[in-house]
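Worksheet: the structure to be examined is printed underneath.
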Amino acid sequence: MVTLPSTTDLLERGLRGLLGTWRSFGGGEATIQPRDGVLSAKDADKLRKLFRECLEERGGEVTARARAAALGRLYLDLNEEGRRGFLAALAGDFGTDEAAVRKAMEAVQGAATPLARQKAERVLRQALAPARQRLLTQFTALPQGVKFLVDLRAEAARFAKSQPELTLLDGDLEDLFAAWFDVGFLEMQRIGWNSPAALLEKLIAYEAVHAIESWDDLRNRLDSDRRCYAFFHPRMPLEPLIFVEVALVRGLSGNVQALLDQAQPVLDPREADTAIFYSISNTQAGLRGISFGNFLIKRVVDDLSRELPNLKTFSTLSPIPGFSAWLREAIAEGLPNVVKASDREALTAALGERFSKGMLPDLLKGSDWAENAALAKALKLPLLRLCARYLLTAKSRDKPRDPVARFHLSNGAEVHRLNWLGDRSAKGFKESAGLMVNYLYKLDAIDGNHERFVRDGHIAASGEVRKLAD
Amino acid sequence: MVTLPSTTDLLERGLRGLLGTWRSFGGGEATIQPRDGVLSAKDADKLRKLFRECLEERGGEVTARARAAALGRLYLDLNEEGRRGFLAALAGDFGTDEAAVRKAMEAVQGAATPLARQKAERVLRQALAPARQRLLTQFTALPQGVKFLVDLRAEAARFAKSQPELTLLDGDLEDLFAAWFDVGFLEMQRIGWNSPAALLEKLIAYEAVHAIESWDDLRNRLDSDRRCYAFFHPRMPLEPLIFVEVALVRGLSGNVQALLDQAQPVLDPREADTAIFYSISNTQAGLRGISFGNFLIKRVVDDLSRELPNLKTFSTLSPIPGFSAWLREAIAEGLPNVVKASDREALTAALGERFSKGMLPDLLKGSDWAENAALAKALKLPLLRLCARYLLTAKSRDKPRDPVARFHLSNGAEVHRLNWLGDRSAKGFKESAGLMVNYLYKLDAIDGNHERFVRDGHIAASGEVRKLAD
Amino acid sequence: MVTLPSTTDLLERGLRGLLGTWRSFGGGEATIQPRDGVLSAKDADKLRKLFRECLEERGGEVTARARAAALGRLYLDLNEEGRRGFLAALAGDFGTDEAAVRKAMEAVQGAATPLARQKAERVLRQALAPARQRLLTQFTALPQGVKFLVDLRAEAARFAKSQPELTLLDGDLEDLFAAWFDVGFLEMQRIGWNSPAALLEKLIAYEAVHAIESWDDLRNRLDSDRRCYAFFHPRMPLEPLIFVEVALVRGLSGNVQALLDQAQPVLDPREADTAIFYSISNTQAGLRGISFGNFLIKRVVDDLSRELPNLKTFSTLSPIPGFSAWLREAIAEGLPNVVKASDREALTAALGERFSKGMLPDLLKGSDWAENAALAKALKLPLLRLCARYLLTAKSRDKPRDPVARFHLSNGAEVHRLNWLGDRSAKGFKESAGLMVNYLYKLDAIDGNHERFVRDGHIAASGEVRKLAD
Amino acid sequence: MVTLPSTTDLLERGLRGLLGTWRSFGGGEATIQPRDGVLSAKDADKLRKLFRECLEERGGEVTARARAAALGRLYLDLNEEGRRGFLAALAGDFGTDEAAVRKAMEAVQGAATPLARQKAERVLRQALAPARQRLLTQFTALPQGVKFLVDLRAEAARFAKSQPELTLLDGDLEDLFAAWFDVGFLEMQRIGWNSPAALLEKLIAYEAVHAIESWDDLRNRLDSDRRCYAFFHPRMPLEPLIFVEVALVRGLSGNVQALLDQAQPVLDPREADTAIFYSISNTQAGLRGISFGNFLIKRVVDDLSRELPNLKTFSTLSPIPGFSAWLREAIAEGLPNVVKASDREALTAALGERFSKGMLPDLLKGSDWAENAALAKALKLPLLRLCARYLLTAKSRDKPRDPVARFHLSNGAEVHRLNWLGDRSAKGFKESAGLMVNYLYKLDAIDGNHERFVRDGHIAASGEVRKLAD
């Protein structure tokens, strides 16, 4: 059996490596030796003392780094229960100095001039920085320390669901990351088959849209008519933050299996006229809320336009992950406004009582119906219409309900074309009834689309899709 | 005549280059066209409008970057008066939202539980981030944008002396830089004669302790028995933030002219037993208040220890920049507590009424006295004693009065040896009466020294220096 | 099924890439268009004309490169028959100028002084350079042109078995390669999991000793307690010429399956005392006769000694690929001198008539006997003795008959220890009856061993092995 | 005074560095210790013995490298007399094996078939390789060993003028270098102000056409509207083999002082329409006879065309180094065929008896005449005509007499425009009477020009220049 690296594998191997490196920073006397991965009450006391020493920065930098490394090693040695205790100790006692905050608030309130007020506001802002943030920042000096904090936040956020005080830590780290991971500090790099294997195996593990099946599949996705770009942080080398996969083709692609078929001949990229963004994956759970996808796509468009002036069309080939769920709900509600009488009739004609009994959603989950040519033909137009309506009208909190649509529309793309049976994978049938969509990035329309979307919620769409939705 | 690059040259050339690059980001329609480098009232209105558009982030990233580039170009085109107006416009209107701050303060005050309070504090902290900071952050996406902001702060701080509202900008940028330039994000690099000339000319311009006289002088300082290390920020390539120059020698060096003599033979570094840190220079006025000198020295010690295990002694050869000024004051006050009767007698014997008339400081400013062997001999012991006393006892705000002493002592070094006529340059006579001092970094004493210094103000010193000071 | 890259895959993909790149050099008018991969008589005439134009270097460099690219593309488009014709055309007409050679020989014979003679010899040497060599050298200016020539020689050598004139080409290229691939021009690089995947897949394809089973197997061989080094030519990037795999362990390893077991814990390399060279593979058939294995092992020993001073022992864990074949012959001949009476008795006791009927070799080819504990025990000593005798006494053309022994002994290593059932793979049983051997590289004995081996054919061996062989 | 690095400085510093590095390879027992840099007869015997040991390759690679390093160190320690002795020892005894050569020649003569003959030729070729070459090749394994051999050849060639046997060594090394420095193995790199200072100082030392006056002058030549490219050998890093300096301008440049004026504003390279090659320098005396200038210019044209599609014209601005000398000869001979009656009259009118007395050449050597506006005006047309005639008709061994013309014409350029007072430097007046010439590289004419030049000696020239020459 082929074993492919998973996120868990990578983490585990990463941690094993970390432990080795961090050991070399000393601080190995380890006053805290948790039994079976859990902290005793006494351990927790010691831990709080250690946090306090870290904050006092006693003993200079070398000591500080050793202390951070020791804390990190301790954390890695704990089991879930132990880690919850560790984080709780940190969240509990190391916030702000209430008296200082109160005093600073009074100074703001009492400021006599606007200038004095703004100065007082700065003092207050500084008083509001929790001690925890300063402590966590010390990890940045360790190799892989930034990655450690990113993973720590992912874990804290998970624990916080049942341990509310940990939302504080989650928030502290989000605020730090917002400064550290500002898009201006990230580097876009092209990834290819010449990239380090240690980086490539992360693509395999992180790919979230169309799973990478093997190293051969990966190599095919990095061939000369393919492109892959990612953002990196200078302190997290070999660790993509987000990456996008692009196919260089002739004409718009409508089927992802064809696109990924390793048997297809390779196209000379100078002959391609279209770049298809067929997968974009965020990789770091710990960076939730820090967005850079928008920037990545636009920089890639920029880079490709310069490298290959023949490219005229930039488009995605995207899943419609919320379509099946929405359809189920809509049918349960009797498809009140979402479907024309004629479609209803067409569906009834095709499905008979399976339609009236609301069995369509279950039917669509599998692939059998698609192999029945007559049935597929009968369903085609009604489903395309429903899907167009879903994409153009279904909302959640005033924004497009489909998360992928929300992302690309807010970037300034338009809903351009629906692709019948564009994704015949199990996942494709389950989530999108086999449909896919192209979001088109028209260079001279992006800014206008983006503005109208933000201002009025206007959704850009091609005439073709708009007609289907009517 | 040899022309060597100065800081001003570099800035000017840098800006010329920037303008070219930034032009390529568009936004060239330039609604504001200042006449003669000054903003009219109408321009200022337009400028505020432009700032506001930036903050609304209308039109997506490409537009945003173009807008930042246009703002940056405008700034660079202004003269001092124009720039003051530009910064005033930014400082004036783009602070916090007072109502939001008030509401957030009330929420903090009214919080029912500690957890609720901490959550409310985070909201308040976010409300206190002035809009200016968000606007300034957009420059990071431009090439050299971070360097632009660093230089902008230097300028704002200068203007602020006569334009108090600009202290706000100075503070905003300091807070941003404290996050961005955390020492964990900096890279230490060794600099050598194989480094880019574009980097090396910056050493020439930035060297603050012993001026680099020529490219030959520089090459000599980068020869195989010399080391130079610097910290860099990933977004400011070729731009050292701080750098230290080290000589690898046998035995402690006591004379900086001998150390820098290009005619001296080169030592095989594997035969050196001592590393002399003879110059450490901060380079960026715009990073005042952000400290990393402490870290640099220790990392260099670490790196050198590993590369050259024969090195046993790590020491500085440092100027004593405040000695002459202190001596003048002390003599004006009659040298009350700082000198023994025997020294006073020795000085009187050597100088006659020149001493009693208080002419010693003027005499020491030049080099003539040092060339008079008899006079120099007579002055040696009293001056060394006075200097030891200066270093060990003279204070300013409870800390050592000498800035170089303050730096190294707070790092954990000890005052180890005074060097008679160790710096025979004009500057050396003028500031330090030709004396120099070695601060010793004893590896196993650094942390202890640092702690005692921070806790009790204790100054570590060798027996020899202590005896001189008694 | 896992597909792993094979040499053929790589070549094919390489060629496909080459064709693309070379097309961009023009020369595309392609006067020769072979039908079905074969050259007609007319094509062959045109080809000879093209060769001649190349040699006249008409039209400058750009034209020359285009011509070389066109020739290369033509070659790649041919099938085996076509290629044989192509190479024959080259070997046939483009040798030396006979008249010039004759004249130059006469000048050598008639030279009046030693100096004149040597000058005449140089002229003769130049006259003896076949035109073909100059023509082939033009390929070096193409991307991957050197690799193309290396592969061309491999093919020419293969064809030469049935087409004797191609040995000329084989020899021409060998002479060129001897100059180009002088070990002084090669770079040793360490290969790790951070190396490009495009390089790593070549290790998988080229590994000749213990096949790499999967990307996981490969990663395990590049973990922190493993090392891999290779030689590269500056004009053949990502193309290892020879590589060696090393395991860092405690104590001498005797079993290769244990060494490659992915489930084994990873050792901190600083705790290792022994480096085991367990695989060394030449990769380029076209470089036969150009040797650099000797250099590689010694540079690796050098590099490792410096990186990890704790390493005290450098040894191989090697197969004994000729043992089974030799044993079969020896038994067929009645084991005349190679075995003691006592061993013969032991074998007879253990095997009964299977021994007397000469069935031992067939028995040893499989693994069944090894799983029969009693049988294995009975065979152990006699087989070890036979193997020791094989390694220390069996000769072929006055040199050790075993090719691996020949290589390491000529490098100055000693036959150090035999390992019973050290290789339980099918190949291990088939070729070596499951035995393995450690060749020890004792730093202060290498030069002496090498000299005695070269001068007297002396084989260095440990007392233990020597005793077994007696 | 500004000190700029000279070739001698660089060599000396290089050697000092070499000695240090090579010492670390051992072989330090140094059986030969020359007194005062000279070899005694006994030393010479020992030296020959050492050479012989090297050739026998006794003791493996490490020993071999140590031995080469020891030989190299010995050579560097010798003075000129000593080095002559060293090289003579090498040239004298380490040629070919006469008996083997004789036997191989007989085999060639006696070969029965063409195939047998060619095989025998290969054997002869190998027999003709002098032992010296094998010995010298061992230096390639040392750091800087290739550079050492290149410099050794330069020295041997110099000594050979008075010591004929050293021409053998010169020839041996030329043959080795022809293989090693094949243009296919060289890398073209762009050099800029971001290049290592250690490389840039070599440009200062090696620039052979228009001396680089200072580091500022150098930086100006590497500004954004300038380009510098060089060829490098992979084993001689930071050591350019040949480099060319290019100015990006609008319209053809006719004056080199204007081109190099540091006060000139910098042009946006995207606005340039013309690339002026104003200096091309070979750097390694030891590579005489190995040519790559032709390739460099064409690759640069290629690179620039791609980077800056607006460039339409590629031209040199070149000195005419042989003009003054030719003119002196022509005048001494009475200007028989080279000048029209009308020019002769014009010159007489302008100069009176200074012309009839043949004083024109002396007059032109200085710059005074050029500052006399009337005189300059009167001389302009006759001198331009003479120069055109010189370039188009003056020959030496059937090729253009002017070496720069010879180089560019053989590359396929045309004589395009003469520039009156294009070089007002002392050298410019002395060698070229202040004139300069543009050789134009017209992309679609290069190959044709080259061919006609090689075949018929045809010189391509513009109508304008041709008219002047008529």
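Going in written order, the chains are labelled A, B, C and D, and every chain counts its residues from 1.
Methods note: contacts are C-beta pairs under 8 Å (C-beta built on N, C-alpha and C of every residue); 3 or more make two chains touch, one makes a residue touch a chain.
Here the structure is a predicted model, which is why all the values come from computation and not from measurement.
Engineer: Report the chain whose CA-based centre is farthest from the CA-based centre of subunit A.
Structural biologist: Farthest chain from subunit A, going by C-alpha centroids: D.
Engineer: Just the number, please: Cα centre separation of subunit A and subunit D in whole Å.
Structural biologist: 59
Engineer: Round to the nearest whole Å and give the separation of the Cα centres of subunit B and subunit D.
Structural biologist: Once rounded, the distance between the two centres reads 48 Å.
Engineer: Centroid of subunit A to centroid of subunit B, CA atoms only: how many Å?
Structural biologist: 41
Engineer: Give me the residues of subunit A that touch two or more other chains.
Structural biologist: If we look for residues of subunit A contacting two or more partner chains, we find none.
Engineer: Go through the chains and record each pair that touches.
Structural biologist: Pairs flagged as touching, ordered by label: A-B, A-C, B-D, C-D.
Engineer: Quick check on the complex: what are the subunit B residues that touch subunit A?
Structural biologist: These residues of subunit B touch subunit A: 58-63, 95-96, 98, 101, 105, 108-109, 114-115, 117-119, 121-122, 124-126, 128-130, 137-142, 145-146, 164-165, 167-168, 171, 175-176, 179-180, 182-185, 234-235, 294-295, 298, 302, 411-412, 446-447, 450-451, 454.
Engineer: Using the touch rule from the top, collect the residues of subunit D that touch subunit B in their complex.
Structural biologist: Touch residues, subunit D against subunit B: 2-3, 16-17, 20, 193-198, 200-201, 214-216, 219, 224, 238, 266, 268.
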